[in-house]
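Encoded as structure tokens, here's the structure I'll be asking about.
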Amino acid sequence: MQAAPTPDALETRDNLTFEAVLWALSRPGEPRALPDAGAGAILSALVDRECRAYADDPEIETLLRQSGASLVPLELADHVFAGLTTDSDLARFMRVPVGDMLYPDQGATVIAPAQIGSGTALRLTGPGIETARDIRLGGLHPRLWEVRATLCRYPLGVEMLFVDGAQILALPRSTQVEGI
Amino acid sequence: MAYVATRGGERAIDQAERLYRSLMGDIDAQRVAEIEAALPLLIDRLMGESSLYAPELAALALAQSGGDLYEAILLMRAWRTTQPRLQVAEPVQQGQTFTHRRISAAFKDIPGGQILGPTLDYSHRLLETGVLGGAPYRPDPVEPAARPAPARHPSLAEWQKAQGLVHDVQTEPVDKDKIPDLTREPLLFPAKRAHSLQSLARADTGGVLALGYSAMRGYGNAHPTVNELRLSEADLRVRHPRGTVFSAGRVRTSQAEVVTTKGKGALQVGFCATFGWNEMKCIAGATLDLNAPGAAKNSPVNEEFFLYHTEPVEASGFCIHFKLPHYVTFQSALDNLRAAKAKAEAPAKEEADA
Amino acid sequence: MSLTGLTRPWKDFSYGFLDASAKRELRRKMLKAVAVPGCQMPYASREVPIARGWGTGGLQVTCTLLNPGHTVKVIDQGADDSVNAASIRRFLTRVSGARSTWDTLEASLIQSRHRVPEEILREDQILILQVPNPEPLRPVEPNMSVARQMHADADYGRMWLQLYEQIVRSGRVMFGAAYPSLVHGRYVMTPSPIPRWDVPKLNMARHLTILSAGREKRLYAVPPYTRVEPLVFDDVPYKVEEHGHLTCYRSGLKGFFMNEIPQEDGGALHEVSDSHLGIKAIRQGDGEDVATGDTWYTNGEMGQ
């Protein structure tokens, strides 16, 4: 082995993106800065040919194809890039895999656009939150939280990564969400 | 800082490594080439257990480790994990491999004939001590057969399937890019068929032999008969970006099928294949595979049991890790032991005082 | 597409040793581990250039997290200069160019075998524990498939029975290190063979802990502010090692987890197990300006 290598631009971005995602998921509801705006950086840090993915956006779909991931129907996907705004978005969200009791890790990661800091007021409790954390999230279907509660029957469930420009806010399945 | 100077882990490990490396001395390309030429079967075994077909690297690994096979496997595996996956080669069909040796113990003769090929099976195991006295040992030259054996031989199981002796299991064709890959995903149970075979292919020869032997001695349900044992060279066929499939070279492979007549109406088959020529591992591995269905949990022929315990890097690593300091764990247990002892002695003391 | 598109320029090894695909898998699994605290997530676990059982699980996690901005601390049994800690630290800096430190306060990533440092970890620090055996049920159920089903059913009856039997037989719970603990009220995990002294440090902590077993190919996590409760009966309280009253013969520190050093006269001396905490105390004694952080234990008692 020779001298310590330096990370290239892609390695640097993927590493910092993951650092932000890991922080955000470990501290649900706490917004964190991503090195780049949009879901593309998250895709690059997490998804490759070992993944089964779904996207409702043709641009993301192109990126998925380049990553080598298999494009699959939503109910088979481990990574779902989709909006959660319209009625049809919500109907689709209901079919996202939640894993099973033997392998809860097979519950999907859903990456969706949202407005962080404005919109519906929510109170979060659970791991990563000392007592309770109040947040505002906008641009989402009003019934999303009800549907999420039916999907996240701990330890089953889905992880939700909300992206707003270069900000991320994450909700693991272990977080309890209440409207306030 | 006297506190630090009394320890000095960095210098100690540095010098300890130098001591070990001094056992082998300088390594140059010539030494590596000699190892590769002199020890083809050790190279084969190493390549199989490393799941990396690279004779030159295997020889280098042996040179660096001084012949410690487990160290050599780890060197190869650690190198392998850093390599990008460029393509998955086309599947290899048994009947399409360039076959050097192919025998069956189940029949006196088989379609295509018994081809002995290279083997020491019938040799007398005598040391050629004359070499040490200065007389080089030159093996007698091979005399070509009057009628050369065909390069390719059909699979015996195909004939048995046609006879109705072996169930013709209909498998769904899987796109080669979708074949589960043990090195990219965890082994879970019940194991995917691909994972079981891949795990056996890279298993420790000695470990597979020990557990396979236990099955042969009666800790399994089925006694194996070698249906077919084959040493061959398989074409590594890959697809050019233009779409044409071409051979990028050949790799040596071993395969064994063992069968048992126990079972309802048909022969049960166990299979094992690996990189390189390593008959013993394939027979023992196929025996484990044969015995696996329905085996009792925690028996040596239970799939979880034998696949976990024949993983050479894991087994050897865990074994040698016991050399690491464990004094925190030990201290914690000692604390319990003393407290329990004090508690046990306390009532006795009270009685004596009374 | 051309043939060159199928190949890559030669590199001795990737940044952080692991290739991009291995790192992505670890990232995906770390996220799931954080999402389901204490649940063992299977991963492929690549071979790395140190032997299995020598910290390869922790190493893969650290290699994935590392960037040149990080400062990494590696300890084995509490000591930075232990031979294997030195070897791992050297590897990590060699493949990443990251800085290394012995000081818990300076570290952003702490890879440890069998200890949690005595100084309270901050939210910007990640503790990576090396795990030899990730399965707390192994003593009662060696078969991994069966054990997985037991976790799925939250069927920990045999675990409780084992505790009960120990109390009946020995008058106390005999688990030493690796004390089984319930995480977020759902999964029983082994906190890795850290002493009982260290387990309360994981409960409702500010920092994230990732536990990784390379040989057994499982990783799991304790996110910040997550309940970690050692399994105990209501009437038999959890007991940490009785080290609170011991004094380190080198540094004079008192009230921390100690190593016992047997002496020829039949007695024993004690030295503080968190070796750099001891070094800092010695240096402070010599009048050097060295900062020591707040510690979880004060005068041998765990703070609230």
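Worth a mention:
The letters A, B and C name the chains in turn, as written, and every chain counts its residues from 1.
The rule is simple: a residue touches a chain if its C-beta (ideal position, glycine included) is under 8 Å from a C-beta of that chain, and two chains touch if they have at least 3 such contacts.
Every value quoted in this text rests on a predicted model; they were computed, and no experiment measured them.
Counting contacting C-beta pairs between every two chains, the top pair is B-C.
Here the chain at the heart of the structure, going by C-alpha means, is C.
Averaged C-alpha coordinates put the centre of subunit A at 41 Å from the centre of subunit B. Distance between subunit B and subunit C, defined via averaged C-alpha coordinates, is recorded as 33 Å.
One inter-chain figure worth recording: subunit A and subunit C are separated by 28 Å, centre to centre, where each centre is the mean of the chain's CA atoms. Contact of a single residue of subunit C with at least two other chains is seen at positions 13-14, 21, 25, 42. Counting partner chains per residue, subunit B shows two or more touched chains at residues 184-185, 188. Contact with two or more other chains is made by residues 49-50, 103 of subunit A. In the complex of the two chains, the subunit B residues touching subunit C come out as 1, 3-4, 7-10, 12-13, 74-75, 77-78, 80-87, 182-190, 240-241, 297-298, 304, 308, 313-314, 316-321, 324-329, 331-336, 339-340, 343-344. Taken in their complex, subunit A has these residues touching subunit C: 1-2, 4-8, 10-12, 14-16, 18-19, 21-22, 25-27, 45-51, 78, 100-105, 107, 109, 126-130, 154-155, 157, 159, 172-174.
Contact residues of subunit C toward subunit A in the complex are 11-16, 20-21, 23-25, 27-37, 39, 41-42, 64-68, 93-97, 123, 148-149, 152-153, 184, 186-187, 204, 208, 223-227. By the touch criterion given at the top, residues 1-3, 5-8, 13-14, 17-19, 21-22, 25, 42-49, 51-54, 56, 76-79, 81-87, 90, 113-115, 132, 142-146, 170-178, 193-197, 215, 217, 239, 241-243, 250-251, 257-260, 273, 278-279, 282-283 of subunit C touch subunit B in their complex.
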